[in-house]
Amino acid sequence: MNLYEFSYGIIHWLVDLVNHLWYWLGDWLPWALGDFFTAVGDFAASDGHLSVMTMLLETLIIVIVALINVLNFLWIFRKLSGRILDFYGPYYVGYRIGGWLQNLADGMKLFVKEIIVPAKADKVGFLLAPIIYVGSSLLILATIPFSENFGLSTNPSGEYVPAGALFAIAAFAIAPFTILLAGWSSNNKYTLIGGMRSAAQMMSYEIPLLLTVASVFLLAGSFNFVDIVDMQHDIWFAIPLFIGFVVFLVCLMAEVEIIPFDLPEAEAELVEGWTTEYGGMRFGLFYMTTAVRSYAGGALATALFLGGWHGPSFIPDEIWFLIKAYLVFTVFMWVTWSLPRVRIDQMLGIGWKRLLPLAVLNLFIAAVVKSAGWV
Amino acid sequence: MAEMWVNMGPQHPMTHGLWNLRVKVDGETIVDAEPEVGYLHRGIEKLCENRTYPQIIPIADRLCYGSSMTWSHLYCMTVEDLTGLEVPERAEYIRVVAIEMQRIASHLMWLAAYAGDLGLSVGFTYTMRDREVFVDLFQALTGGRLTYNFPRIGGVAHDLPPDFDRDAIRAVDYMEKRLREYEDLFDRSKIFMMRNEGIGILRKEDAMNLGVTGPSLRASGVSYDIRKDAPYSVYPEMDFEVATHKDCDCYARYKVRMVEMWQSCRIIRQAIAEMPKGKWRVVAPRTAPEGTGLGRVEDPRGEGMMYVVGDGTDRPYRLKVRSPIFVTVSAAPKILVGYKLADVVAIMGGLDMCIGETDR
Amino acid sequence: MNEDGGSTRKEDIERAPSRVDEVPEERLIRALMDSFPNSITDFLRLKDGVVRAKIERRDLHMACRLLRDNLGFEHLSMISAVEYEDRFEIVYHVCSYCNRLLLELITHTPKDDPSVDSVAAIWGGANSQEREAFDLMGVKFNNHPRLERILLPKDYLYHPLRKDFRG
Amino acid sequence: MAEAKGRTTGLVARPLWRTGKQIVRTLILGRPNTVLYPHHKLDLPLGYRGKHVVDFKRCIGCGNCVTICPNDCMWLEKLEDPELGKIERPGIDFGRCLFCGLCVEVCPTAAIHETVEFELADHERQKLRSGPKELRDDTYADKIPEERPKRSLPVLDLSKCTGCEKCAEECPEICIAMMPIEKVERSKPEITLAKCTSCGKCVAACSEQALTMMDVYDSYFDMPEPKLKLAECTGCGACARACPADAIYMLEMPGTEKVLKDGKKGKPKKRAVFVLEKCVGCGRCFRACRFHAIDMPGVRK
């Protein structure tokens, strides 16, 4: 049973239950109203309505699973940072479970804080930016399946969103505009510089990223995650496309804005960069969303290069996927804490002069591999 | 983007204290800069005029939170110069061990802040972790962790605690191992070198003219170290080299400090080995004669200097403190102009700011 | 800041040791005596490499220029202003890197007109120290490029290091 | 010493290798370097400068600690003790104390010590003021090893002394000199403590037990000494009562007796005599004298 069937079953059962009452109610009413009741009930039971509701429920389940996942993820992030940096990490809130509740406590604290909008800020943009940022990041999660059975699909056969990978990459690229919006609307020099940096930085990493992803699409012959992962049943794409994998990881680090490339919020020179003026839960949302994006980045790398949910079958597919995503994230953390931040002009130089040629070379290799029929 | 003034400070992660650097940026490029200090002015020079001579030692400690031992030592040296007091030799050796430990601790704190500025988190935590070794040593030696109040006019407050020799040599061994690790973490990192090489060029002539002293001066190629060239205490008997570098950039300033840490390890070894027996303190006269006293030391941040005027009472008539960073920070516009906004943290971090002594 | 200050030329530094040779303190004293026979007095060799001299304030700027350009004093360590009952003393500690000398140059200024010539044009490092002396002691430095308060607020009324300052 | 430039041929491989080792070390093999503070605590060395304790039996209430405190955070408090009677002992305001340890150093009897206790935070500022009773710990000083050097020295009790000069004759170092006291017509032994070798011969020689060997702590502070202006002294004895070290004795001056109405001689006038070896330099006699007969340079009233 895949997620679609599961949600369809729930929706069907719910609709049946409600309709049962509904028709019973309609029987007691005059004929004109009764007809209306019947029409509504029939609409509710129709295939179109059921599949739309099913997909909404699927999205809800996926987002809830993803957010719980993010809590785990933040915990791992903080513990791992602690261990790399030679301290314990969160410890006291939830002492028995290794400080797992610390993030909930932090979230609670952020929730009760006052929402402050700077007097001279552009209010609409200021309040809109976090919403778009969080929304676009959750969109990425919605399209990435955990396994063949656990992902957003549109029909009972388990066929997933046709161009899911493309959609995920596109959703990933929305964030820099949000950052620019937040930076500009805060009406602060630091945030403005941070926003501008984000826009400039995006140019440099987005193109190599897309080129490497294009090489994966070329090998897989599909934009669909399931097809891409299935193609890696024998050999992971990371092995023939090793250069592309490295380029992809570097670009991904720029995409999720962690330290070698976290120029928009370089806290040493720009205080907190584009998030300077945000406080309370809005800041908490940014913080959480950074974790969401890190997780999404790991998941993307897993699905595109590391064979997705394929692995020895003694562990469920979904867990394999999570393990791989977490491992990619661990590597991210390792690199993040061991390296200084680059400068904006150096970032552009790396993007255009180093990553772009490598990405093109990688595309060439992919073309050769494909035409030789090795994969 | 048009040109605009950006205030970096007084509350800013770059400043390491309370001061304000106003930079005028054109896009990301700096076209003008102007440091503003004075946010932490505590009037220490005026305070000292109303304290007796021993009471000033804790205040001199608080001149610089990063290297308090150097400043209280400098104060004691100055008053000894004023009163003409001879310090026992053992006290001088203990002082040298303490100062060199302080130099390592101060440089490690600088390195931590510098790494933190550049975004290198492991650099921050590892250096602070290793500084802790020396802070623990200080704790055993003096009883304090940050402000030691250890030197006294006419010696030091306590003798060495038992097993201090062994612990100090162990700490130095540990430090030398760690310095190699730092070389891997910093020098061998491409990104660190990208952020440092060729950034913040301060030419030799400018450095001398603007009064830049200490590691920043030696990084500009001037081989001048007060420990060597105007020796005080028992430094003439120590065998060490003056670290200089010809590159004049941020990397040179980083490298000079790293080499200084190696040399400090050497000095500590020698001083521990040659530590004489005997008294560690003599009775200091309560009053100082009329006249002036001058003390000059090589602070971890540059040339520390005190000028004291005595008037025959038990309180100094006037105490003037020369803060190395107060002069160095006025050279900031010279170094900053032409570089990117992100280089401000590398350049100002490389000068090792300490606002406690700057504002006094 | 440094444009008006002018930088120490390299050849001067290299030439300096030949002018002030074997016993640098004696040479320094003689060179100063030759140039300013009337205004420099009270030479005293405090300890090895430290010389004290007193100078009239009218010749201070000239003497400092001579010190930097011809005698190899590249570095101005410290400017301290001391208030006495009848006068202000401005003490310049000037340091020579190549000759390893420290000169303590003391100049007086009367209480009713506390002003001396600025040496910020000679040593750039003097700029902020003179501002500090002005700020805390109220000594005016003529021809200083920007004589403002540096440590205290701009609108502060007093000079707190003076002895008549109370709280 | 021109150092070679950093070799960055491996791009970022070396730093990653170092941090990788760290991950292995902390994640698998060992524990991180920090301390989980409220659960685990650090061992502090004995010399740590924390909360003070005052040994009431050793303390003489001289107030030297109060005088030297750079922050004026100490004060002397009068209290009544069942064992010790009416005493004055110091209290400390920990809200202002900077833990410099000068009070410990200046104490002439090593009565005040700093312990390793450092958790002094409180919700109210007033609770940070610790009076003498909170600071009292009469056993602490005996538990820790003595750090201050001390010597066994002969101490003079002038009220028992007869001026017989036996001690001065016995002293092998010739550090006891008999000095005549002005207008009293006798002399008292003055001991040059720097030369004394603690041989104890003078104590053995004294037939009146006026000299006793006592442990005296070395002081590194040059304390001010009181000087008597004899013309001003009225012999009221306020200074002798104020002196915490019992270093002031009121001696009668023969020949100053007033002739009463009935022709008999009254009691002679008294004057203060300082035994400077016992003086701790606190300046209380100077403050107690209402006739400005005691001069003490450097002490403020």
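As written, the chain order gives the labels A, B, C and D, with residue 1 at the start of each chain.
What we mean here is this: a residue touches a chain if its C-beta (ideal position, glycine included) is under 8 Å from a C-beta of that chain, and two chains touch if they have at least 3 such contacts.
As the structure is a prediction and not an experimental result, all values here were calculated from the model.
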Pair joined by more contacting C-beta pairs (A-D or A-B): A-B
Separation of mean Cα positions, chain D and chain A [Å, integer]: 70
Geometric centre distance via CA averages, chain B-chain A, whole Å: 47
Whole-Å gap between the CA centroids of chain A and chain C: 65
Chain B and chain C: spacing of chain centres that average the CA atoms, whole Å: 24
Residue numbers of chain A (touch at least two other chains): 84, 86-87, 337-339
Residue list for chain B, restricted to those that touch at least two other chains: 122, 126, 129, 185, 189, 191-192
Those chain pairs that satisfy the touch definition: A-B, A-D, B-C, B-D
Chain B-touching residues of chain D, taken from the complex the two chains share: 1-3, 5-8, 10-15, 17-19, 22, 33, 44-49, 68, 70, 98-102, 105, 114, 147, 219-224, 297-298
Parts of chain B lying in touch with chain C, wherever the complex brings them together: 37-38, 41, 43, 45-46, 204-206, 208-213, 222, 224, 229-230, 294, 296, 303, 305, 307, 309, 317-318, 320, 322, 326-327, 329-331, 333-334, 359-360
Contact footprint of chain D on chain B as seen in their complex: 51-52, 54-59, 61, 122, 126, 129, 132, 139-144, 147, 149, 152, 154-155, 157-158, 161, 181, 183-193, 197, 241-246, 251, 255, 259, 281-287, 313-314
List of chain C residues in touch with chain B within their complex: 1-2, 5-10, 46, 49-50, 74-78, 80-83, 91, 93, 95, 97, 100, 102, 104, 123-129, 132, 136, 149-153, 160-161, 165
Chain A-facing residues of chain D, complex: 12, 15-16, 18-20, 22-23, 26-27, 32-34, 36
